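Which chain is which? They are A, B, C, D and E, in the order written, and residues in each are numbered from 1.
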Amino acid sequence: MSETPDLECRDISKSFDDFKAVNDVSFSVPQGTFFSILGPSGCGKTTLLRMIAGFQEPSSGDLLIKGKSVLDVPPNKRPVSMVFQHLALFPMMNIGANVGFGLRQRGVNKTDITKQVERVLERVGLGGVAERPVSSLSGGQKQRVAIARCMVLEPDVLLLDEPLGALDLKLREHMKIELKQLQSEFNTTFVYITHDQSEALVMSDQIAVMNQGVFEQVGTAKELYYEPDTAFVAGFVGEANRFTAKVKGSAGGSVEMVTSDGQTLHGLDARRSLSVGDSVDIFVRPEAVRLSRNQADVAAMGNTGQGKVANILFNGANSQLILRDQTTGAELNVALPQTGEFRDLARDDVIHFGWEQQQTRVYLADGEQTDV
Amino acid sequence: MSETPDLECRDISKSFDDFKAVNDVSFSVPQGTFFSILGPSGCGKTTLLRMIAGFQEPSSGDLLIKGKSVLDVPPNKRPVSMVFQHLALFPMMNIGANVGFGLRQRGVNKTDITKQVERVLERVGLGGVAERPVSSLSGGQKQRVAIARCMVLEPDVLLLDEPLGALDLKLREHMKIELKQLQSEFNTTFVYITHDQSEALVMSDQIAVMNQGVFEQVGTAKELYYEPDTAFVAGFVGEANRFTAKVKGSAGGSVEMVTSDGQTLHGLDARRSLSVGDSVDIFVRPEAVRLSRNQADVAAMGNTGQGKVANILFNGANSQLILRDQTTGAELNVALPQTGEFRDLARDDVIHFGWEQQQTRVYLADGEQTDV
Amino acid sequence: DTLRLLTWGGYAPEDVIAKFEAETGHTVEVTKSNNEEMIAKLRATNGGGFDLAQPSQDRIAGPQAEFGIYKPLDMSKIDTSLFIPSMLEATKGNTTVDGEVYAVPHVWGTSGLVVNTAQAGDVKDYTDLCNDSVAGKVSYRLKRPTLIGFAYSMGLDPFAAYGDEAAYKDILDQVEAKLVECKSNVKTYWDGGDELKNLLRSGEVVASMAWDTGGWQLNDDNADITFVAPESGALGWIDTFALPARGRSDDVAYAWINFVMQPEVAAMITSAAGNFTASQGGDANVDDALKAKYQASFPQEAIDNIKWYPSVPAGLEALEGAALDRINAAN
Amino acid sequence: MITGIPQSAGFRWAYKAYVTLFFIYLALPLATVCVFAFNNSVFPSLPWEGFTWAWFFGTEAPYIGVFHERPILRSIVTSGVVAFWVSLLAVFVGTCNAFLFVRHEFRGKGFLYILMLLPLIIPGIILGISILVFSSSVANFLEDATGLWFDGLRPGLILVILGQFSFITTFATLVISARLQKFDPSLEEAALNLGATRWGAVRAVTLPFLFPAMAAAGVVAVLMSFENFNTTLMLVGSDAPLTITMFDRLKLGSTPVLNAVSLLLIVVSALLGLASLLLQKRKD
Amino acid sequence: MSDRSKLTFWLLLAPLLIWLLTLIILPHVGMFLVSLREKVGVREYETGFANYAVFFNEPLYWNTFARTAYMSIAATLLTLLIGFPIAYYIAKLTRGRSKTTLFLMCLIPFWVSELVRTFGWMILLRETGVFSNLLQYVGLASGPVEMLYNDAAIMTGLVYTSMLFMVVPLVTTLDSLDDSLIEAGYDLGASGFAILREIVIPHAMPGIVSGCIVVFMLSLGNYLTPILLGGKDSLWFTGLIYSQFITRFNWELGSAFGFLLLGLSSLIVFVGLKLSRQSLGKTMAQ
């Protein structure tokens, strides 16, 4: 992309006393992108966002919006707007006054404010509520007002700090889709932070996975899910069975490993960076595991075994099986096929399972990253 | 079941002024069952539970525990214990005193109390914490203390009012499994209320789906999921595409319907209770819909069509597609196969879809229930 | 038993109390007050809460008629031989209501001027307090003696007008005008004797209308300060003993009266309060310095010129109060 | 703290300076009072005549120290007695009120609540006067009717206690209600569910939860009682509490013995304040 | 059970009713009745409004009344003006330990009685006092300066003595103002002043009103401060009431004055509540 990105962070860091909350983070967000930052609690997401908004000064690094450094611009002058976690709608003003607040500060005249407020409220599907108090809205509607309040100012970048965190489950599911729709309608650059992977996966064009102040990986949802760069990303994004093992043998890009339970697993060593004796972390997604009553069906797979059903977690389309490996006793989570093929499986049934070598993701255990 | 059930409600009702919060509910819970009551907010779950605990007097009906009516027994004398939504651990007492509270009320002597408290704490995996303050525990541990506090009294029935509601997502997933384990260990009858279908589905032996004060259906998780009795259950338990349509023709147990969009759908009319012209609600689960690039693959199914990909909600194993029917423009949610078969599908791609007649659940629209 | 005594500052010094307690085994609790508050308290308690009170003789008959807060004295329990007969008779006469006697005299003295002669030598009469030379450095009480003192010094005769409300009102109006005009000269209106002494001693005030004792006591510290009998005459008062209507320890009260009227004890009180008592021979034991000061302040013509308060007729106090309020409010 | 709002250094400096000045303003009179408790002079004012302990321990007139001033010592005891009863009554009634207003719904609740708040906006002197006038009329009536004496209805300790109680109870009610409001009623239900009786549940769970607030209300009541002047002034009989005694002294002209008493009061209040603070700490 | 809860209800109601009835309501009714008593002679009374007529016919009384009211209002506004930045500083610009410390430091003056506090001011302000000497020492004054016995001294004392009752409710309400509202304001382009006016003050309104009510009541009902610091200019309505009772033994007029003061205070509080659209119950529960 030769265009200047809407937002660019260059080696940005923030220390609190001795503690580095954000550590040399660099990224850029092209115009119109829905960019998510996904990471566990305390990893530095909010700190990063507040630096972008201007509420916190970076300890080092530079921050550019539309190509211009904004480090010296105070928050009330930056061309970014922020949707706060608890929305921070002004309870002392009605909805219209909330949405018009920013325009009033800019000295826009009253009739224009009324017009623009009504227009943006209509765009978020809330036409005609301007006179009502904020408290009369439902959670999802408040959400939309918070976005409208920012969008009416036509910011270059909209920052969102876990805006769905306070909503209940069903509404959150719904708002995920709605938020993405609003973003593409307004065609504004969104920087969205969350610790909920499903939010990030569903909505984003680009996702940065953050951990302990650094970005572990930046990519599309699929890249993160199917090709995690690091063990952290593999474990944090999506569900996975996790094993720790030692490399036993390595030949022709294929690698053989033995877990602490004594189970032998096979994976690919695409980069040929593993050597015998290395400790590795292994991740296998539950849906990668195939089941069969017939050994032959799975025999050709790189990893096979026989397991006893320890527990069936029936949950409709998302049902899972907990299998206990008959030889090693290790537990394995397996997604039940949505086809309902194994609907009649019962506890203590014995079944064959297997998964392909290339579905086994292997990472060197100590920090050093090896993607197979 | 000839054994007397642990808990039995007979036509129990509760009115607040003119409003019937619980309306002629009858059910019985055999010893050792994990019985869940699942329903949306405000449907009367808490009211029902509080009547069982004795905190609210039924307006009519009877309530039996181990075969004996307990209507006249005050709450502090009923052989039921309750785990409260926010646990209601006593902050002014340490963990041991919390767990021993009920025994103290019974006048058990001190040494016995200490012994029993220690034993029950060990059973919930918290041996040796009796002296610590409640605030030193994590959310999941508090949960277990709350259960221990009840279980030490060996109640006939343990009532749980959305006890996982206050926990965060990851912990809730974990506690679901743990709760079920505790229940089978203690072999106590649990009556569990929740509005989260996945909790109910994963844990329960029996689930009652409640709506507006009445039980819509009582059954196992699978029964509810695969054979919902009513439109409400079909819509509330699990995800579903919903259509409203009119019956066009009915022949040999098979029924043909046309949606308001003009789409023709086929379902089974097992009870042969539908007649031409009836308005119906139709539910199709996203995972029941098959996709194919090849029309021939789905041609044999009762319902087929061709759709354009309107949106891909990538979410790892739970990814969904939103298809727009090319002829009617209707939207259809389709679960993407976990196999990753359609991983390369992109927006605006056109694809064939289809589902079987028997996967189409049809209900008469106006209250009257017809299960096909 | 306990004697709850409602009295003026200085009338029940610690040494006297200690002596009384040692001799009789009773204890004494003292509440310090002034005339108005004594009456107000007794009125609120309907004559309870205290066993012995010491209002001035002119303030007994009126309140008694109005509120019935005292009980008649049983003269047989009082050793009348301890009193100076003329004072005893005068007091009994002024405090008789419906044929019953309500008070016997205790301490007497005068109100006049206390002046720092070095800085305010020209202050000779009440009205001199309004001279420019002492602007901002004078003080007086905002109470009825001030009204009366100023009236005399303005050449009026308020006591003579006691019987004629209209005439009295006319006098009050003139005095009020004078005091309002004089207000800018005033530093602050003093309230208690010690407060005034502090003001004079610190030099914040150089001349004041005040009780004679204050002047004499200050004279010990600073020879320039002394009591001056005003040219228009000092005002003579007698503070008394009266029994509150619902006192509980009458016997102790009588015991106290008979005890403090003994000449030696009376002398102790005189040296504490600075004023002479109605005790027969009580002045014999008083130290000569005080006597000397008394004589210096009161040459014979000044003694003859003392205006003794007659009993206040009911109703006048309301007029006075209103006038005082207006003075207080004026700017 | 709002870290996010950048402000100019000059503004921040001026703001800090203002805050500093404010606290100097708060501290100055008290510090002055304390310092002059040690002035070797009969006036609590300049010039400084040197340091002395006489205003605490002196026995020679006029240098009589607090510890040898019988009337002052007696009035401290009186104040203590009054404060004790006032806080006991206020906390008791305040607790009852809290339960009533937080736990019960009844007709006229809003009206009673406003009535309960009323003492806050009645000037203390009026409160004192009205009680004085009323109790006097009742006493007069009863005495006329029975011929007995009703000294308790005349100015004196009982009326002082009742007078202070009449408005301090409002404070106690507010403090205790605030905490009871935060109480999760399901705790009480949990206790019932575990077999406790209704009163047993209140005793085992609710009262311990309320205790810090009750203690805090008690301390506040003691402090307010100790320093109350306006209401007490109208109701006092022969036993004057400390503030009244000090006021009488001050009117008559003060010696540094008043500073000495004040210093002692400051110390004791500070200790009480700290104690209540520790109680508050424990409750969170 | 419902019988028992009825019993509990009545048992809880009883102390409240006894308290309010015997110590608040009946005494005020009694006082009102006394205020209607006209004295016509020694121990002779008639019923009527003569005492109220006295008030309205004597300019002195209603002047004092008005002066007390406006001085109290001035003291209230001054306290608000001085206290607000302090409360804001404590609530919003400090955290943790220093917040607690500053807050407690606000309470320190109230560990002693108003009398002692006022006494302290007397020592500071009097002609031979600390300030006067200090001014002479640094050469700003050539002779002793009297700072006591004037309205400014009364104001100083009133503001000082009221400060706590303003700062505490303000800190409480400002504390409950979510910081993110202020940040959101900035983020939307507001200046510091706009945020103060549009967000902070509207949010703090209940605290402002409750602080103002209490401070106003305390000033209006004050007795000590005007007496001790005001000296010859101390005129205050409570002083008039006191003197009717204590130096004039005129309970009837005193009661009438008391009622008028009560009426005035209720009226001003009512107007204040109406203007700020607050309710007594809400603001006082702060």
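Note that a contact is a pair of C-beta atoms (placed from the backbone, for glycine too) under 8 Å apart; a residue touches a chain by one contact, two chains touch by 3 or more.
These numbers come from a predicted model, not from an experiment.
A.B. asks: According to the touch definition, list the chains common to the neighbour sets of chain C and chain E.
C.D. replies: The shared contacts of chain C and chain E, listed by label, come to D.
A.B. asks: What is the graph distance from chain B to chain E, where chains are linked when they touch?
C.D. replies: Contact-graph shortest path, chain B to chain E, evaluates to 2.
A.B. asks: Identify the chain pair joined by the greatest number of C-beta pairs in contact.
C.D. replies: The chain pair with the largest number of C-beta contacts is D-E.
A.B. asks: What's the distance between the Cα centroids of chain B and chain C, rounded to whole Å?
C.D. replies: Taking the mean C-alpha position of each chain, the two centres sit 92 Å apart.
A.B. asks: Counting only Cα atoms for the centres, state how far chain B is from chain D in Å.
C.D. replies: 56
A.B. asks: From the mean C-alpha coordinate of chain D to that of chain E, what's the distance rounded to whole Å?
C.D. replies: Distance between chain centres: 16 Å.
A.B. asks: Counting only residues that touch at least two other chains, what does the list for chain C look like?
C.D. replies: Those would be 44, 202.
A.B. asks: In chain E, what residues contact two or more other chains?
C.D. replies: 126, 128, 183, 186, 245
A.B. asks: I need the residues of chain D touching at least two other chains; which ones are they?
C.D. replies: 4-5, 43, 45, 132, 198, 254
A.B. asks: Which residues, counting only chain C, touch chain E once they are in their complex?
C.D. replies: Spelled out, the residues of chain C in touch with chain E are 36-37, 39-40, 43-44, 63, 65-67, 136, 143, 183, 186-189, 202-204, 314, 317-318, 321-322, 325-326, 328-329, 331.
A.B. asks: For chain E, which residues count as touching chain D in their complex?
C.D. replies: Touch list, chain E to chain D: 4, 9, 11-13, 15-16, 19-20, 23-31, 34, 82, 85-86, 89, 92-95, 102, 104-117, 119-121, 123-124, 126, 128-130, 133, 160, 163, 179, 182-183, 186, 192, 213-214, 217, 220-224, 228, 238, 241-242, 245, 251, 254-255, 258, 261-262, 265-266, 269, 280-281, 284-285.
A.B. asks: Flag every residue of chain B that touches chain D in the complex, lowest number first.
C.D. replies: 53, 55, 75-78, 80-82, 84-86, 88, 90-92, 101-102, 105-106, 149-150, 153
A.B. asks: Provide the residue numbers of chain E that touch chain A in the complex, in ascending order.
C.D. replies: 178, 180-181, 183-191, 194, 198-199, 202-203
A.B. asks: What does chain D use to touch chain C in their complex?
C.D. replies: Per the touch definition, chain D meets chain C at residues 43, 45, 61, 70-71, 74, 132, 136, 139-140, 143, 149, 151, 154-156, 237-240, 248, 251-254.
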